[in-house]
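Next, two complexes with chain A in common: one pairs it with chain B, the other with chain C.
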Partner chain A sequence: MNIPVDLTLSLVLLSVLFSFGSSRLPGLIKVIAFQGVVVSIVPLIIGHDMTAGGILFTLATLMIRGIVIPFCIYFAIKKVAIRREVEPIVGYHASVLAGLGLIVAAMVVSHRFNAPSISASVLLLPTAIALLVAGMFLLMARRNAIAMVLGYIMMENGIYLVGTTFSVRALHIVEFGILLDVLAGVMIMAVILQNIKQTFDDVDTALLRTLKE
Partner chain B sequence: MIQSILLWVLAMLLAPFFSAVILKVKAFFGGKKGPPLLINYYTLAKLFKKGSVYSTSTTFIFKLGPMISLGAAVTVLLFLPFAGQPPVFSFRGDLLFILYLLGLGRFFTIAAAMDTASPFEGMGAAREAYFPIICEATLFMILILFYVLTGELSLAAYFSGTQPFGMWQMAGSPMLFVVIAFFIILLAENSRVPVDDPATHLELTMIHEVMVLDHSGPDLGFIELGSFCKLFFYASIVARLIIPFESGYMALDLCLFAASLLIVYMAVGVMESVMARYRMDRVPKFLLTSFALAFFATVITLEFLK
Partner chain C sequence: MVEFVFLSPFVTGVIAFFIPRHLGRPLLVFTGALHLVLSVLVWLRQPEPLFKSYFAVTPEGMLSLLVISLLFFLISIYTIGYLKVSDIKSEHIFTGSMLLFLSTMTMVTLSDHIMVMWIAIEATTLASAPLIYTHRTSVSLEATWKYVLICSVGIAMALLGSVLITISMDVGNVDAPVSFSALTAVATRLDPMWLKAGFAFILVGYGTKMGLAPMHTWLPDAHSEAPSPASALLSGVLLNCAYLGIFKTNKIMLAAGLGDFSGLILMGFGLISILAASTFILKQTEYKRLLAYSSIENMGIIAFGTGVGGLGAYGAMLCLIHHSLIKSSLFLTSGNILLGYGSRLIEKTGSLANRMPRTFVAFFGGFTAISGLPPFGIFIGELFVILGAFKAGHYISVTVLVVSLCAIFAGFANQAMRISFNMSEVTIGLTEKANLVWPQYVLLLTSLVLCFWIPDTLYQTIMSAVTSVEGGF
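Entry: the complex of A and B
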């Protein structure tokens, strides 16, 4: 049992539950930022041999994940004066219970995989799977566009953890590429949000159905 | 055995003192001097000297309520391993007995409140009946976790001697979540601030206080003493969990236990000073957080133990 890694990963799982329960966008952004930071320090403490380049890439990921992206989103909602409610389709209590359910499911499912580096920590693969599914859940169960973007980022965190599980060597390069994509996505999203806001005076994605040429 | 009984009496005697610590901390945060640390003893003495007034619309249930709630709280303390010493009574499965004893006390408080036929008290009773349902789910989740860790089913087995430290060693980080979950339960069951405000003066927002509005004199004293004992029970469990060390010398253990109790009570006081009471519809979410934490801790621990 690797105590620092397990502690970090249980914090990640806890952040999933808190993100399901938080009703306000700034709170949700803080949770996701915290999750980003915690997820990115996992490779540092998991005990892979790190090269100087690897450490540099990890720190850069930490910066982007924990600081740049959350701040981008935060300023985006500041700028377009979006309503702070995340407008859930599934209520908060049900979401928290669903979160518990999917954590249990992830634990059960992860035993079916025979992942090579699962010995690093028993929680690594379950956390990764839980993050992927939780991100998907946020995408489906919230109508606010920003909350959807945050769900997408959570999925990205999950992919990063899966990467940590399976590969060691090529991880940082690939991950960095993905992260740049996400960053670009967040930038574009900020612009699009402004347009949605201008057209509908709201960022409720359900309104997009009424678009006509 | 004599020692256990002495400790039980000590627990009852100390409970009002520790509750006054909360008042002192709140006064400190408010920049006030606050009431003296013995205020609760003065209040109890004052109440016991008075006579009782009973409304003509009430029945014997109204008189029974305070006695049974005090009796339940005091009986529960019999099972408490004070400072890790063996309790007066202990048997396999006594945890369930304790939980339902507390439930019995609550039931009679609620029944007494309904007996007055005051709409305010009925409202408080409805809330008092609703919130502990979620608390109970959390408590049973924690119970399952402790059972998995120790294979025992009695309070003494969990909290006496070096056992709490053993649980920390086995479970590790999930115990932290258990402590937080238990602290939330403590706040909810003893009607402390984020759930209920003991200092409020508006009946509409009260839970526990509104149910005891019609009690007076010694009856009110019983209720107060009962709630001090109940708070002491929960606080000492949290205290044993946060400082699970054992020195082997009884005097030192008692000091350590008193210090950890002070930490818990001060934490309650700080919570009350920095937080506002939740809106009534937010309370279930707060309690659900504790359930989520306990459930989560159990799941992770099961994974670790595999």
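Entry: the complex of A and C
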């Protein structure tokens, strides 16, 4: 048991529920930003011996996941000034209920795995699984293109959480490369979002259905 | 100094964003030539990389590198002619992205560290996204959106898979660098459960990028909407790069004694891809999408062959090389057809044999080659895959494979005949300049020559790549 880590991770789980329930895009972006911050401070408190480089890298992650990426998306919204609804395919109440079910399922499933480095905290693996599946859920259950990008970011947060326990072995330069890729990906998505808005006057992905067999 | 091969196009790519078009076009060809020279030097000298923990020169990487380099050089010559006759508004973005795309793909072929491989493959997605949106239409925007989102999410799965492989090191108490070569050496000590999970995620992730069904949905859209030189690069080499990720992970699986597991999954995905391609090719109405589905078919054959192993793995490697040469030539030719007829629909084309005779030669030659007719390399490759599957006793799946191949041939032949010989009253808006047809001829001839005569060094490299996945005669 590791109380501070588990407390922090329970905040992440809460953010999943909030994101499922929020109907407005600015709210959803705030939840994702909060999640990014919390996920990036996990390595600081999980109890690895931190080198100066490690702390620097964690701070860089915090900056990018918690501030730069959400701001990218936020400016994309500002510039295109779209109707700020997430246009759900699955309703909000059903989504929150699904979120609860997902967290319970993630807890049950993760007990069946055993890996020494994961057992540092009870909640680490369940949270990571929950984030991955929740990101997938947002990608599928929202028609708004911005909400879909946010779902992708949530998935990335989940993968980061699994990967972070191995930061002892992984080299910071490599981790930083991954982070830069994610950042560049989100920026390109933001540019495409602006173009979609200019071309279709909306970011509802139901409009993006011309190409099919 | 292997790193120089991918750093040089990166530098010229960044420069290309800021210079006017009359300088950008020569820069494209110059970089192509420089890259080819550097790749040949790497091939001959096999120098040590500067950062040994991240990069390595492997036989399969060198094969891909040489194919990429040759293709890019020829495509860059074609692109000059193509840019002169098509109106692309922001040409500096196009040239810059082409060069960055080349740089990232080269990085894939040289990377050895699992995470660096992931970074490079994700970077190929990002560098090629602007290429698909070159025409600035709403449809191309939709294709770009699909491409970036589906591939990013798919490749995120591969990142998860890579992380799971590091967990398998952790559980097995292995202390080694996280590189493909080091992991292959200590594969037996890795924890099999986590390794299997890692392989499954990596296959789904890189399989998305490679165009394996059912994750292939972005591929026909992206290939048909991108300008033809970019489609040729996407189909000819990008798919190979994604395959390289799967190939190297499969190598770890085989070394760990889990070859049955990985082979079965690879064969499954391969068969599904071939089946999916055959259903869509039969009733296809656009010729660029037809070619795209044919790429899915060929990737399916390659995955199937790799899964079969033995003779099949050798056949898969042959298919990989020849598919790159032939399919990129076909996509360049489809660019001529599009410029000439001004439509992507097959019904709007016709009488290609009379109207554009030089393009017709390239198109028909490419069609014969990609359908697996002798004397082209795909024929030999497919033959080895089928023989290998028979030898390994997969009778049912190989029957499905052969039947689908017949259906694909029938569908493709039907459409190719319509394009070539149907009556058409359209006036052709293109004069067939030499640099719009010669690159295709060279590509097809290279494929033809390689069937009859393989240089010894090339043959040795292919064999050492194939034997590393327990293939060969």
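Rule of thumb we're sticking to: the second predicted complex is superposed on the first by the 202 of 213 C-alpha atoms of A that agree within 3 Å, B and C clash if a C-alpha of one lies under 4 Å from a C-alpha of the other, contacts with A are read in each partner's own complex, and residues count from 1 in each chain.
Keep in mind that, in the parts below, contacts are C-beta pairs under 8 Å (C-beta built on N, C-alpha and C of every residue); 3 or more make two chains touch, one makes a residue touch a chain.
Please read these numbers as outputs of a predicted model, since none were measured by experiment.
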| item | value |
| --- | --- |
| Superposed partners chain B and chain C on chain A - clash or fit | fit |
| Contacts of A:Pro43 with chain B and chain C, given as first, second, both or neither | neither |
| Which superposed partner A:Gly54 touches (first chain B, second chain C, both, neither) | neither |
| First (chain B), second (chain C), both or neither touched by A:Pro126 | first |
| Chain B versus chain C as contact partner of A:Glu156, first or second or both or neither | second |
| Which of chain B and chain C A:Gly66 touches, first, second, both or neither | neither |
| When both partners are placed on the shared chain, which of chain B and chain C touches more of chain A | C |
| Which of chain B and chain C A:Val174 touches, first, second, both or neither | second |
| Nearest-approach distance, in Å, of chain C Cα atoms to those of chain B in the combined model | 22 |
| Where chain A meets both chain C and chain B, residue numbers | none |
| In the complex, chain B residues that touch chain A | 172-174, 177, 284-285, 288-289, 292-293, 295-296, 299-300, 302-304, 306 |
| Touching residues (chain side chain C, partner chain A) in the complex | 53-54, 113, 115-116, 118-119, 122-123, 125-126, 129, 133, 138-139, 141-146, 148-149, 152-153, 156, 159-160, 163-164, 166-167, 169-171, 178, 194, 220-221, 225, 280 |
| Chain A residues within the chain C interface of the complex | 114-118, 132, 139, 145, 148-149, 152, 155-156, 159, 162-163, 166, 169-171, 174-175, 177-178, 181, 184-185, 188-189, 192, 195-196, 199-200, 208, 210-211, 213 |
| Residue numbers on chain A that touch chain B, as the complex places them | 1, 3, 6-7, 10, 13-14, 17, 21, 92-93, 96-97, 99-100, 103-104, 107, 122-123, 126 |
